[in-house]
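Next, two complexes with chain A in common: one pairs it with chain B, the other with chain C.
Take a look at the complex of A and B:
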């Protein structure tokens, strides 16, 4: 929505700027749009290492699931799309192909009647991508899982590994 | 709520945060009521979540803002389940504010119970009557005896006493005057030191004043009058010298 409004403003200015009149005047039309869909990180995730060739966010294996929170002030105006990691954004030089698995689930809701179905109504776009229609106003918490397995059961090289969950609010 | 909200002055609740996980089958009808009774009747706070036909297992996290409801209106709290199902991991948090400084009634005079607390601090035996020496019987009796003695004294003795009293009074006055003179001298000396110090610390702007003599003429010619004066003095000098020889002639 913000991008569309900006485009309208540019067109108006161009029209006035193209005038040959010596008394041309640019009349501004401004707008301030506050985001109606806000994504925030509730908890950062951590990979645990149950064995040499697996990294996982499972709490039982010493990991921590990342949790994101989505607040919307307009009902049925947005959907949120989550992409769990399918690659490391940074890591040491890997010695084999790493296979990623992961999922996103509703962790908590702020409205029982209107949000309890979010999880059952989830659309699994692909192995790594899930979408939720935000049909009610309020807050929804989502938890994400991620498991990375090194090929050939070979041990992960020592070093620091980072992967990202991507969350997007998409206007309907 | 006495074991939940602290006993603070002017405490008012401005929000309730609660969370729980509903345990139920999707097809079951279930409502969850989170509430606090009002001691005057009814409810001060009541929020209902309708889970009927909804799946369980997903926790709810809810925050409700309130308009500063006094603690007196907050009765016992409860989470009731209406229908089939239950809740687990329930937690209710109250957000409140209170006026600081009245934890002890003595903190401020405006605190409730301030007067009683002050009175409790004062021991009973310190509540004494005001002593008026003029009403003291012993003193009055003593004064009367002295007056009578004075009246009984002979005139000569009385006169002696009066003279002695005057002499002592004069002596005291003299000492006081001497003291006052000495004090004045000390004050004057101190004032002088203060005044003179101002001159010592005074810094004159400009520092050193350099000589700035300017001669208009490059050459200073001999005065004509000085030449005449010199000649006349020479003549006079010669005459005086010659006078000593004239006597010998």
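Take a look at the complex of A and C:
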């Protein structure tokens, strides 16, 4: 019985060793890099009200600028386009024409060398729309400003006001 | 009086919307005359429950397409796969497939849209 077990063991070891040398293979490690864009809201924004007819995200006036973060995993594969508010998405009935101004700027980058020109190279598509080519991988933080001024210096009606910033990440 | 007003612009928490791949490809579907592609949308926005899929030409004009749900609920910290079908006669015109957050809560004020691109 012991002899039989020993024989089986020897055969097994021999077979395993033979297999290992005769069928040596390169084991592939495969990956598919698809890349992606991630849009995040880092800081919420609020309007402050320095006077009866102005709403602003300026900190000096009690507001807060929203900050959006965009992460890309492929260089030169995306552009990002921001549209700051040019209207309220919800508000009480307004008593005059509201004028909007606003802007988007780079507030921080994860790669100071390769992202240094993002702000200077941005394209101002229109008064409310700015575009950036994301030529490096990593994270970029954008801050957005918005000022709404009621016509005729008339006081804004009482109520809640909401406006949207639109962030679009578009593959190139 | 205006001191009593509360003005809200952007409310929410740090959150994210992700879509991949960057460059999807069309492949033949099991239905004649239709091509199909698959995109993945990840929702890490607590403030968004629904995303809408669209197919667009180079000028961002909509292209006819079919998917099971063009407006689909995606729970927070979950992802969804969208199989997008298009008639082959539109394939050459289709340049972008996009996912856009649908802001059902009016107090949330950042709308996000991500577009992947079809390349030859």
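Going forward, the second predicted complex is superposed on the first by the 137 of 172 C-alpha atoms of A that agree within 3 Å, B and C clash if a C-alpha of one lies under 4 Å from a C-alpha of the other, contacts with A are read in each partner's own complex, and residues count from 1 in each chain.
Keep this in mind: a contact is a pair of C-beta atoms (placed from the backbone, for glycine too) under 8 Å apart; a residue touches a chain by one contact, two chains touch by 3 or more.
In this text, all values refer to a predicted model and were calculated from it rather than measured experimentally.
Student: Do chain B and chain C fit side by side on chain A after the overlay, or clash?
Tutor: fit
Student: Is A:135 touching anything from chain B or chain C once the two structures are fitted on A? First, second, both or neither.
Tutor: neither
Student: According to the contact criterion defined above, which of chain B and chain C contacts more residues of chain A?
Tutor: Looking at chain B versus chain C, the one contacting more residues of chain A is C.
Student: Looking at the overlay, what does A:155 touch: chain B (first), chain C (second), both, or neither?
Tutor: second
Student: Using the touch definition from the top, say if A:145 reaches chain B (first), chain C (second), both or neither.
Tutor: Once the two structures are laid over each other on A, A:145 reaches no partner at all.
Student: Looking at A:108, would you say it contacts chain B, chain C, both, or neither? Reply first, second, both or neither.
Tutor: In the superposition, A:108 touches chain B alone.
Student: Examine A:47 and indicate which partner it touches, taking first as chain B and second as chain C; both and neither are also allowed.
Tutor: second
Student: Between chain B and chain C, what is the shortest CA distance in the superposition, whole Å?
Tutor: 16
Student: Under the contact definition given at the top, report the residues of chain A touching chain B in one complex and chain C in the other.
Tutor: Common interface on chain A, chain B vs chain C: nothing in common.
Student: Taking the touch rule as given, give the residues of chain C at its contact with chain A in the complex, in rising order.
Tutor: 1-2, 4-23, 44-45, 96, 98, 103, 106-107, 109-117
Student: Sort out for me which residues of chain A touch chain C in the complex.
Tutor: Going through chain A, the ones touching chain C are 34-42, 44-49, 51-52, 55, 57, 63, 66, 68, 74, 77-78, 85, 89-90, 146, 155-156, 158-172.
Student: Under the touch definition given earlier, write down the residues of chain A that touch chain B in their complex.
Tutor: Going by the criterion above, the answer is residues 106-113, 116-117, 119-120, 139, 141.
Student: In the complex formed with chain A, which residues of chain B make contact?
Tutor: 19, 22, 32, 49-51, 54-55, 58-63
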